[in-house]
Amino acid sequence: MKSEDEKKEAPRAKARPSKRPVTKKEEVPLEPSPKQPVLDQYVTLIKGAVGEQAVSESHINREAGHLPTIVIRKEDWLATARYLKRSDELSFDYLQSLAGVDYASYFEVVYVLLSMSTLQKVMIKVKAEREEASVPSVSDVWAAANWNEREIFDLFGIEFTDHPHLKRILLPDNWVGYPLRKDYEPLDKEV
Amino acid sequence: MRGLVKGLGITLKNMTKPSVTHRYPDVPLPMPDRFRGIQYFDPDLCIVCNQCVRICPTDCITLTGKKHPDPEKKGKVIDTYDINFEICILCDLCTEVCPTEAIVMTNNYELAVYSRDDLFKNMEWLHQNDENVRKENNLNKPNLAPGGNKK
Amino acid sequence: MNPVLVMGPILLLFVVLGFVTMAILFERKVIGWIQMRPGPNRVGPWGILQTVADVLKLLIKEDIIPSKADKPLFKLAPAIAFIPAFAVLAVIPFTESLQFSQFAVGILYYLAVSSITIIGILMGGWASNNKYALLGAMRSAAQMISYEIPLVMSVVGIILSVGSLNLVEIVEAQKQVWFIFPQFLGFAVFFIASLSELNRTPFDLPEAESELVAGYHVEYTGFRFAFFMLSEYVYVFAMASLTTVLFLGGWNAPFGLTMIPGIVWFVLKFLLIVFSLFWIRATMPRVRVDQLMEFAWKVLLPVALFNILLTAVLQEVPYLDFLYRL
Amino acid sequence: MLRTEEMLLNVGPQHPSTHGVLRLVVKIDGERIVEVEPVIGYLHRGTEKLAEDLNYTQIIPYTDRMDYLSAMTNNYALVHAVEKMMGLEIPERADYLRVIVMELNRIASHLVWMGTYLLDIGAMSPFLYAFRDREQILSLFNELCGARLTYNYMRVGGVKWDAPPGWIEKADAFVDYLLPQMDEYHGLITGNEIFVRRTKGIGIVSQELAIQYALSGANLRVSGSDWDLRKKEPYSLYDRFQFDVPVGKNGDLYDKYLCRMQEIVESLKIVKQAIDQFPEKGTIMGKVPRVLRVPEGEIYTGIESPRGELGCHIVSKGKDKPWRLKFRRPSFYNLQILPTLLVGESISNLVAILGGIDIVLGEVDC
C-alpha cells in the first residue's frame, strides 16, 4: 500500500471530524429471504451427492439480489463441481464469473454459476490458506475456467492442481511476486 | 453477381456526395462548451482545501499554500499550484470537487509540446490559459454533482 | 537509325511515367471521393505533386538489402518485373498512325511477355530470404499463372472472328460493332482475369495487408520498392489499353462521331477502364486464396471455353455471322 | 509422404488486424493451422490493483479505459454494482439518460466492429462510412459529457451532466438518420457474394461449445440461445422498452455479422422509445452521502455490454475504497475459444474468425 496514502489519510480525518456517525445497520432480525428454501435445497443436494463435510457454510447474499452462497471445502470442490454441472435438476452449465479475493488471512476463489435451463444462479466460494494456496482446477468441468484460473494464479499465486497449462497469462513470465496480494511490495516505488 | 453490382452502385452514389471530413489544421475545430481541455486556474479563488489533490485519480496535482499575508484574515492563500500533464487524464474530477471554482476546464485541446518539462504546468501558465474557458461549470449547473461544492 | 525510331520509345516512356504518377494520384482521389473524403490535397494544388513527392521520398530512402539475401537475384528481380511491363507497350496500336509495330502476332507477344513478370516476382520473393516474402511470392505466382489461362482463352473468341492476331486488324474489324457486344462473355472473363493479373482487389492476395502474409516486396525498400509499384501501374496502363483495343474498338468512334480524332476516343475509353479498376478496388472485399484458385479453374476457364464454342457456332448461323465473321 | 515440418508464425502483437496488442503464436503446416497460442497481457495496466487504493468516484475514469469502444457501459457496470450494494435509488431522468447513452454507445461500438471487420475481409469503403456515422454519436457525447471516448459521465447515484438544451432532439434526429442508413450497409455488404463466401459456414460455434466456454453477447446468441441480460436479468429501465434479441441459427461468421447489424437496429428502437418517454424535469443525481462508504459485503452484477456480459464483482469492507474489485470482461472469455476455433482452419480464415469474435484488447488485459 502506498505509504504517503496513509499520510494523506491522517490530516484529512483530523481536519474534518465526520459530521454524521456512520449509520449502523440496525440489527432487527431480517425476514427470511425468499431464496432461503432454494439455498437449503442446494445444500442438501450437494451434501447428499458429495458428502456431509463438503458444505462448510452457506448464507444468502442480500445485496446481490438474494444470491444463495455456499462455501465448499477445498478437498471436495472438484467432486461438487462435477455434480453441480452434471446433475439434471441443478445443471449449472454456465460459469458466469470466477474471481480471486485476498482476505489477508486466507484466499478465497469465488465462482458464480448459472444454469441456462433453470435460470438459477449460485455463488460458490472455496477457501485456501495463505501459504502455497492450492485449489483443485475445474477447467475440465467448465472450459471457461481455464484462462480465469491462469489469471488468478498469475495475480494471486493460487496453485490450481492438475490445470492443463498453468502459466502466467497477463504478466511477463519472469515477473516476480503476485501483484494482487495485499502484502505485495511493488518492485519500483511509485514514480 | 447482383450483390456486387448493387455494392458498386452504392459506392458510385457515395462518390457524388460531398466529403464529410474536417479540414482541421486549416479550419480550427470548434469544441462544445463542456469539452474537457486543459485546465484554467484562478489563484485568488483558491482556498487551499486540497480537495482536488485528494480526488485526482492519478495524483498529478501538487499545491502548497502559505499563511494569508495580512494578519487579520485567517485561512490560506495558494503559493504554488502544479499539474503534471504527463499523467493528467483530463477526467474533470478536480473541477467537480472544487468548492470555489478556482480550477475550471477550458476547451483548448492542442496539448502537444516539444519537451517533457513543458508538461509540468505551473500556476502562472494555468492562469494565463484563459481563452474559451468553459462557461457551464459547477456553480451555475442546475443539478449539482456530489463532492465538495457547497451551494 | 532515323531519330523517330529512337525518340518514339523514349517519348512513350515519359508518357507512361506521366500516366503512372497521375494514375496513382487519380486512384487515391477516386477512392477518397468514394469514401467521402477529399483524397490527397496537401502537396501541390489539388495534390498533383503527391506522387512526385512519394517517388522522391522513395528515392531518398535508404536502400536496404538483407544480409542473407541472394544479392544478384535481389537486385535483378525489380528489373525483371518492370521490363516486360514496358516492353509489352510496343505492340499496342494507339491510333492508325500512332503505333510502334504492325506485329503480326500482337496478342501472342503481349500475353507471352507479360508472363515474364511472374519470374521477377518469384525471384524477388525467394531472394529476400524472408518467410513472408516467400509465401507471398508463391501465392502471387500461383495466382498469376492460373489466371493467365482464362485470360488467353477469352481472347481466342476475338481471334476466331477476326482471323488474325494482329491488333491493328482487330481494331479495324471493330468499325461497325465493338467486340464487347458480341463477345460479352469473353469481355467479362478477360476483365476479371486482368484484375487478377494486376493483383488488384478483389484478387490482391499477395500484398493483402490485413492478411498474415505481406507480399513478395516486403524486404524491398527505397527505389527497388518503387520499381515494383511502377511495374504494377505500368501494367494497369498496358492492361487498360489492351482492353480498349480488344473490346472497345481502339480509336473507332462510337455511332460514327468521327470528327473527334481517334486518340481522344482511345483515351476516353482507356480512362473509363482505369476508373472502373479503381472503383472496384474501393468496393470489393478480398477473395480467399483457395476460392481464388477454384474460381479461376472452375468458373472462368469453362466460361471462356464456352465463349469460344459460342463464337465458332454463331459464325455458321446465317443472320449473325456478320457479327462473328469479320 | 513429403516431410513438411511445421512453420511457426507470429501474428502480432504489432499486426493490423489483431484489434489491439494481441500476439498469436501460430503453428502452421502449409496453409493449415495446427495450433494457436494467444499471448496477451501487453495492455495490462493493473486496474484492479489500482482500484484498491481509489475511492469509487476515482475508479470511474479507469473503467473508461477498459473497453475503450464503449466506455459508457463500463462506467455503468461499476456504478450499477455500487448502487445495488448501497440500495440507492436513481432519479428517473438520470436513468433515462443512462439508457440512451449506453445504447448509443452500443451502436457506435458495433459500427466500429463492422468497419474494421470489413477492413479485415478486404473492403475499404464500409470502414469510412461506419466512422462517418459513428462520428455523429461521438459529437453527441462530446456535447453531453465533454469527451469523445473516455466519458467519465456516470456517477454513483446518477449522472454528472444533464442533457444540454437541444441534445435530445439531436439524438432523435440521429436515430431517424441512421435507420434508413442501415439499408446502405446492407446493400453494400450483406448481398456481396465475395463477403458471403468469406464468412458463411466458417468459424461455426455450436451452442454447447459456447456455453462450455461461457461466451456472451453476440458470440453466444449466434449459436442459438437468446441470452441477453437486458431481457433475462433486466437492470436499469430495460423492462420498459420493447425490443427483441436477434438470435443466429448456425453460429457462423455471417450470422455474427447479421446479428450485430440487427442489434444496431434494436438499439435504435430502444433509444427512440427512451427519447419518447424522456421525463421533462427531474434531477440527475440521487441523494448520495458526500463520502461514499459502501456497506460491508460482496456483490456480483452483470450487464450487457456490446461485447457480452460485463460483470463487476465488488468485495467491500465498509470503507470508501473497495477491498477487491474484479471485472468479468466479456472479451477475455470470448477470446478463450479462439484456439479451438482455429485448429484445422486455413490462415486466411484466421483473420476473419478473429475479427468475428469482436475483442477489444484493453478489455482482455484490463
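Going by the order they are written in, the chains are A, B, C and D; count residues from 1 in each one.
FYI, a contact is a pair of C-beta atoms (placed from the backbone, for glycine too) under 8 Å apart; a residue touches a chain by one contact, two chains touch by 3 or more.
A quick map from chain label to UniProt name: B = NADH-quinone oxidoreductase subunit I; D = NADH-quinone oxidoreductase subunit D.
None of the values given here were measured: they were computed from a predicted structure.
Visitor: What is the chain whose Cα centroid lies farthest from the Cα centroid of subunit A?
Guide: C
Visitor: Could you name the chain whose CA centroid falls nearest to the centroid of all protein CA atoms?
Guide: Answer by centroid distance: D.
Visitor: Sort out for me whether B-C or C-D is joined by the greater number of C-beta contact pairs.
Guide: Pair with the higher count of C-beta contacts: C-D.
Visitor: Need the CA-centroid distance for the pair subunit C / subunit D, whole Å please.
Guide: Here the centre of subunit D sits 44 Å away from the centre of subunit C.
Visitor: Using mean CA coordinates as chain centres, what's the subunit A-subunit B distance in Å?
Guide: The mean C-alpha positions of subunit A and subunit B differ by 40 Å.
Visitor: What whole-number Å value describes the gap between the mean CA coordinates of subunit A and subunit C?
Guide: Centre-to-centre distance between subunit A and subunit C: 65 Å.
Visitor: Centroid from C-alpha atoms only, then distance subunit B to subunit C, rounded to Å. What do you get?
Guide: Roughly 55 Å separates the two chain centres.
Visitor: Find every residue in subunit B that makes contact with two or more other chains and list them.
Guide: Residue numbers touching two or more other chains: 4, 7, 10-11, 14, 20.
Visitor: Of all residues in subunit C, which are in touch with two or more distinct other chains?
Guide: In subunit C, 34-37, 282-284 touch at least two other chains.
Visitor: So which bits of subunit A are touching at least two other chains?
Guide: Within subunit A, no residue contacts more than one other chain.
Visitor: Flag every residue of subunit D that touches subunit A in the complex, lowest number first.
Guide: 40-41, 44, 46, 48-49, 53, 84-85, 87, 211-214, 225, 227, 232, 289, 291, 293, 295, 297-302, 309, 311, 313, 315, 318, 323-324, 326, 328, 332-333, 336, 365
Visitor: Note which residues of subunit D are touching subunit B in the complex, please.
Guide: Subunit D reaches subunit B through residues 54, 57-62, 125, 129, 132, 135, 139, 142-147, 150, 152, 155-158, 160-162, 164, 184, 187-194, 196, 283-285, 288, 290, 292.
Visitor: Of all residues in subunit B, which touch subunit D in the complex?
Guide: Checking each residue of subunit B against subunit D gives 1-4, 6-7, 9-11, 14, 20, 31-36, 55-57, 89-93, 96, 105, 136, 141-148.
Visitor: In their complex, what parts of subunit B are in touch with subunit C?
Guide: Subunit B reaches subunit C through residues 4, 7-8, 10-12, 14-15, 17-21.
Visitor: Going by the contact rule set out above, which residues of subunit A touch subunit D in the complex?
Guide: Residue list for subunit A touching subunit D: 1-2, 5, 18, 20, 22, 25, 61-65, 67, 93-97, 99-102, 110, 112, 116, 119, 123, 142-144, 146-148, 151, 155, 168-172, 179-180, 184.
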